[in-house]
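There are two complexes below, and they share subunit A, which is joined by subunit B in the first and by subunit C in the second.
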Partner chain A sequence: MTSVARRRWAAGALALLAIPALLPLVSAVAAWAVPATEVWAHQLRHVLPRVTVNTALLLVLVGTATALLGTALAWLVAAHEFPFRRVFAWALLLPLAVPAYVLAVVFAGALDYAGPLQVWLREAIHPGLRLPPIRSLGGAALVLTLSLYPYVYLLARVAFESAGSRPLEVAQSLGLDRGAALRRVLLPLARPAVAAGVALVCMETLADFGVVAALNVDTFTTAIYRAWYGMFSVTAALQMAALLGLAAILGVWVERRARGTRGYAGQRPGGELPRRPLRGREAAAAIAFAGGVLAVAFVLPTAQLVAWAWQHAATDLDSRYWAFAGRSVALAASGALVVVAAALVHGYALRGEPRAWVVGLGRVATAGYAIPGTVLAVGLFAPVAGLNNWLQYRLDATLGAGAPQLFLQGTLLAMLVAYLARFLAVGAGPVESGLERIHRHLDEAAALLGQRGIARLRRVHLPLLRGSLFAAAILVFVDLMKELPITLMTRPFGFETLAVRVFEMAAEGEWQRAALPAVLIVAVGMVPVVLLARRATHVA
Partner chain B sequence: MWLELRDAVRDFGGRPALAGVSFALEEGEIGCLLGPSGCGKTTALRCIAGLETLDSGRVISRGRLLAGPGVHLAPHQRGIGLVFQDHALFPHLTARGNVEFGLHALRAAERRACAAGMLERVGLADCMDSYPAQLSGGQQQRVALARALAPEPTTLLLDEPFSSLDVALRERLVGELRALLKSLGATALVVTHDQQDAFALADRVGLMRAGRLEQWGTPYDLYHRPRSRFAAEFVGQASFLPACCSGSGMLQTELGPLREGHETTACGGAVDVLLRPDDVVHDDDAPLQARIVERVFRGAEFLYTLELPSGRRVLSLVPSHHDHRIGERIGVRLATDHVVTFPPLPGVTDAVDTSAAGTAARPPAP
Partner chain C sequence: MNPSFRTRVVSTLAAVLATTALAPLAAAESLVVYSARNEQLIKPVFDAYTRETGVEVKFTTGDAAVLIERLAAEGRNSPADLLLTVDAGELWNAAQRGLLQPVKSATLARKVPAHLRDPEGRWYGLSMRARTIFYSPQRVDARTLSTYEALAQPAWKGRLCLRTSKKVYNQSLVAMMISRDGEAKTEQVVRGWVSNLATEVFANDTALLEAIAAGQCDVGIANTYYFGRILKERADFPVQPFWANQASGGVHVNISGAGVTRHSRRAAAATRFLEWLSGPAAQAHFAAVNMEFPVNPAAAVDPVVKSWGSFEPSLINVAEAGRLQPAAVRLMDRAGYR
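After this line comes the complex of A and B, so read on.
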């Protein structure tokens, strides 16, 4: 291929991949051109102020809490030595395996007025004793914090550890004691990493649908869902989605800026960061803190989940359950296949030295990970429905009355396109870094030896990319198993997966019956977390 | 001509990497492009290989136009082998797999035999089934060499073949590589920034600077008959001493008279004479005394920086049993075979001349 043809091919492929991410935003913003409906007037007066305040409060609470909790845990593990430190170093990542909405279901079921904890408190201590309600804004903030703090923890810990001993030694040689050196040198060094982690947390919080839906908190995502399913107004849902989409874009911008300055947290010369040994009461306090967080965020909820699942296995573990599981696996597998294939095309299009605008196009294609699933679902529904109607019209015109009826908007097609938009970034990451590791000289050596195009892909690139493609497929597969809002809102009628089943049981208040489908999701979710934990420990 | 590059121009967005470079290699010759980093030598190599496109100019191999106006053969159609600086071995293939990679025109059995034969020739018969990660740097280089040579290219190109190897290994491998290339009768072009490698390896050396070829010649010529100050300074150590042309074919310098060489570029008036450290010899009987201002011990000899009475500094290589301290004065005289002169640098000479006048050590003008 000549370089001009290659460049055209790359730009065309990236433009095609950017459509799924751009189309929902375009159709959401375009909905503002539709004259204000009665539904929208109602939304504007009664819903919008409340969801804006709730969403903002949730962002501030979760952002602050994860920053404090994640940094504190990272500092404890990176700069101190105490019993079980190595175990905590990776175990503190385990909450990533539990989708936030599953944690919300467990908390709601366990801490409800009629739940086991409150019942026990009333019986054992005082009949009038009550806990603050878990189904509240505070409860949602608690659940999201416990579920999302590992992002901050991981990035901050890597930043502390990769700073190494040198900054500390320099500070100490300039007369600072250890505490002051940590405060004045290491914390500022880790600040960009903490900021990047908090930005990720905020984007997840903004996109969250499952937690706020289960805990009855009205935010943008639930408002979009209600406008669509409660009031049957796609336009109102789209208009709400436009606001959320814009907030998400702002989030991406902040995150990219934070990541841009993270540059100085690279590998440093000098030894490892020396860890201060903790003894006696200090060590006990450290274990209690880290262990307490782990217990509340992972161990106890998972144990409760398993217990409930066990109780209901006798009645619920039937062929319907296996049908949910089968559908989840089939959907996640086909989604992973589509996303990884697209990621391979994406990686190839960006290989070499592309022009700045081509790189920009590639970024747009992967920016869909920041767009909340609810926005993607409604934003893609409208254009796909429009395409469906147009095709139907053409079909009717040519075939007459006997033409088959099309239902594109209720098919897996729309779902897969939305998955592609949201998870391309997840697949593109490993593929891109895999391609980066293949030095340009290998391509040139193959070209000189007469192997180009498909032959080179088969004989050189694919063997070298095998690991990256596999990693990408696993990551996307697990994310799709956990995915809720897109699947919920774009599925064909009556199409139930494990995640949808958890949501439905939660919506009916049948917390304990949600456990059985949730257990399988958590089990699958453990795979990438264990891989990540192993690699992060390897780095440390 | 076996391989020829003619008026090659390559521009990277306003920054010319090649600004009209021409040279040619005869069959079986080893050529070498030498120069500081960024001088365009690697670009020249990549243009010959077909990995870069020439903006203008030609690449001709055995009378066949590989690249020129309207012609740009793909790399694999050129019959040219390339050994990359980082070797660029395929990490998922064994040594044998790497060498077989380019032999896709042959049947499997022939391919195996050919690869095995090639690896044997480079002395790697024992490592055929090793993966690149299991091989040492020197072994990797020989696999890369075998892989490039296996398809029997007309010309072999080597990009900085020794830069990724440690110094001890380097010296031995340069000799081995030359012997191997000569035994195969290969025509080769090597790119390096190291003058020692270039001299040890090449029949012809081209010195490049800022996209231009400063000089193309034998290593001996390049050292003893440099055509520019840059060439004189880049290849070996150089000091320059002002001199005056007398009419009788003699040059008058502070260190005594010199017979003008036939390369003398400018005559009539002031010139600068190139002095190599071995041109300035220590002689206790010499009338002229110079003060030692710096000394570097090199084992077999000292490299002294000497200050002449005029304040000029020259370098002198002195056998190491003449152990003098800094500040001492020693007698020196000239012993030059090849007198090379350059026009004096404008401005610089004037400034030094005034200081030199004060010392009154300058030989009287004729």
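After this line comes the complex of A and C, so read on.
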């Protein structure tokens, strides 16, 4: 491809990919044309100061905690050898399979004043004993951290492992000990991956409604729902969502600028990152750390869910659940395929792109992840329904009374477009950071050998990107298994999934009955995590 | 990527995308319902109708606010014939936005009490939900209880539990208080509630009732069916309902109700369905499935519900809950009720 053709291709591809995210963003920005003065005056005075502080605090807490926890676990697993390491390598991803809102409900039930732990503490130890309240900002930060750290862990681990042995050897030959080599060489090399992970965490935290609602923290997102559901002002809700989307684009832009133009591409890895064997007390500490995180974030909550599910399995579990699970898997798998393919195109189009407006288009395409799901669903639904109505009008005009009824907005196609708008960021993060680690020289070498375009992608890049692609596929798949608002709004009639079942039960507070479909989401979501996690580890 | 893999990917994608975009709604004998009442609480009623009349009822569920946006976006091409919600405010909002059409029916007028339906006939209550005071009989003498407003008095300092003001049930309760007492007095009451709170507000009524049982607080406000559900599992649950405001306006009630959509192509059939829903068979089902109160006074209530005794409901039209809901939300924000 000539460079002019390439530039046209890149701009075209990014413009196309940005459309699904742009539609709701445009709806949101356009909402500013209609003033919702009364609502805004109230929001500015009584709501926004408080929720903005809460949201910022939550972002800082969750962002920092997931960065530390995810990177530490990744370093532990990637660069050390200890008993059960191979199990931990994939098991530490399992919290991804548990919907964050479900985790929040389990934590609230278990740790509140009336919950079993505090009742036991009061009865067995001292009647005045209290735990810090779980329904609080700290509680929400804890749940979100436990739920979201795997994003950072997975991407950082892939980065450490694909860095190979060479950087470490070089650092050590220059007299650095292992700790210093980590700090000064490997961590900086893993920075794009850690940043990509934390960016996903922050966007998800911005958009989160389930966790903060269950734990009673007022954030920007809850204020959006309050304006919409409570004050019937969908306009104000869309306006506030536009601000969230802009904040996300700005955040990614700032991180990119801070990273500057430094290159992160490694040379060909010399060999696998050598793992330092841990023995005795060190090994016990490693197991206790990784095992402790896994227990609190996954094993104990899942055990609680299973116990609840068991109580209702006799009455609720029937053959329909095969269909629910089947639809969930089919949707999540096809969605993951579409999103990862789009992320690959997105990554290539952005690779070495000098034009700021094209890069900006690329960032817009991923901003949907920071918009609360329901708002995004509505923002996307309106234009699709509008298109449907226009087509219907044309059809009626042409065919008269015999014209078939179109129903674009309730099809799987509409659903997949909406998934793309929301989850492109999840696929694009890993792919982009994977591409950054492939050195330009490799492209030139490939070109010298006559490998360009698709051939270069297939024979040179894909083998190097495999780890990142599998990582992206896992993340998108489990996210889609848990996805609710888009599925709820755009599903065809009678099309129920496991997540929809959770909604049905939870809508009237029947959380214990919601545990059954929730457990199945976890069980089904675990399968690709276990299968793909190993592949995501071994990068050519 | 080898060619066979590529072929597989492409064919899978094609299979996924090749879902027909044609509406599968041509059958004459079918109705489409957008329901904010969740599946397990409504499908049995739909199934009973299909068995009795042969009319198929298709439905999709979701939050009422989302379903309303959906109706608005679909406009005249919407497949929906009925909108069903679990809150009067949402129906008021849908009617306000012109998404529901007036229905004239002598049957509905007879079976649904006037305060539980839209004066213009755009929506009708199908079941009634009572939101009242709950207390711990061990720590509270029922004679000290009287009204929602009285819970703002200093005697309840540190003893009151409330659910979050984000829940529409509390928004409509406060809206109805505004309708009865005016905004200034209601704001004082809500401020009093907030200063009496024993702990942060709860995310759901069940957790609130559990907190009263566990001794975290002594009184609270909740919907009766949550209490009924707990009683079905634990008959000795140490919490009691108290019918609020019996001498001053009655217990706050809300509805689960429905209206015929503006662009329904089967408005007559949809109206017949609404009439059937207000009849004895459906009403008994509404009462049984979630321990709510039938709107039709002729229908029987659940035995557990019956054991709580009868009460005077508020007779203010529930449409007020919708009209005053934005004001109620702003009031609660001002009063620091989160």
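The rule is simple: the second predicted complex is superposed on the first by the 293 of 540 C-alpha atoms of A that agree within 3 Å, B and C clash if a C-alpha of one lies under 4 Å from a C-alpha of the other, contacts with A are read in each partner's own complex, and residues count from 1 in each chain.
As a working rule, contacts are C-beta pairs under 8 Å (C-beta built on N, C-alpha and C of every residue); 3 or more make two chains touch, one makes a residue touch a chain.
Values in this document were obtained by computation on a predicted structure and should not be read as measured data.
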item	value
First, second, both or neither for A:174, with subunit B first and subunit C second	neither
Which superposed partner A:56 touches (first subunit B, second subunit C, both, neither)	neither
Partner chain in contact with A:442 - subunit B first, subunit C second, else both or neither	first
Touched partner set for A:452, first subunit B, second subunit C, both or neither	first
First (subunit B), second (subunit C), both or neither touched by A:508	second
Partner chain(s) touched by A:229 [first = subunit B, second = subunit C, both, neither]	second
Contacts of A:489 with subunit B and subunit C, given as first, second, both or neither	second
Contacts of A:464 with subunit B and subunit C, given as first, second, both or neither	first
Partner contacting more residues of subunit A (subunit B vs subunit C)	C
Residues of subunit A contacting subunit B in one complex and subunit C in the other	none
Residue ranges of subunit B in contact with subunit A within the complex	49-51, 74-76, 80-82, 84-86, 88, 90-92, 101-102, 104-105, 147-148, 151
Residues of subunit A touching subunit C in the complex	39, 42, 46-47, 108-109, 112-114, 119, 133, 135-136, 213-216, 218, 222, 225-226, 228-234, 330, 334, 337-338, 341, 374, 377-378, 381-382, 385-386, 388-389, 392, 404-413, 416, 458, 462, 485, 488-489, 491-494, 496, 500, 503-505, 507-511
Subunit A to subunit B touching residues, read off their complex	439, 441-442, 444-452, 459-460, 463-464
Touching residues (chain side subunit C, partner subunit A) in the complex	1, 9, 12-13, 16-17, 19-26, 32, 38-41, 58-63, 65-66, 69-70, 73-77, 79, 86, 93, 96, 164, 166, 168, 171, 199-207, 210-211, 213-214, 216, 226, 229, 290, 325-326, 329-330, 333-334, 338
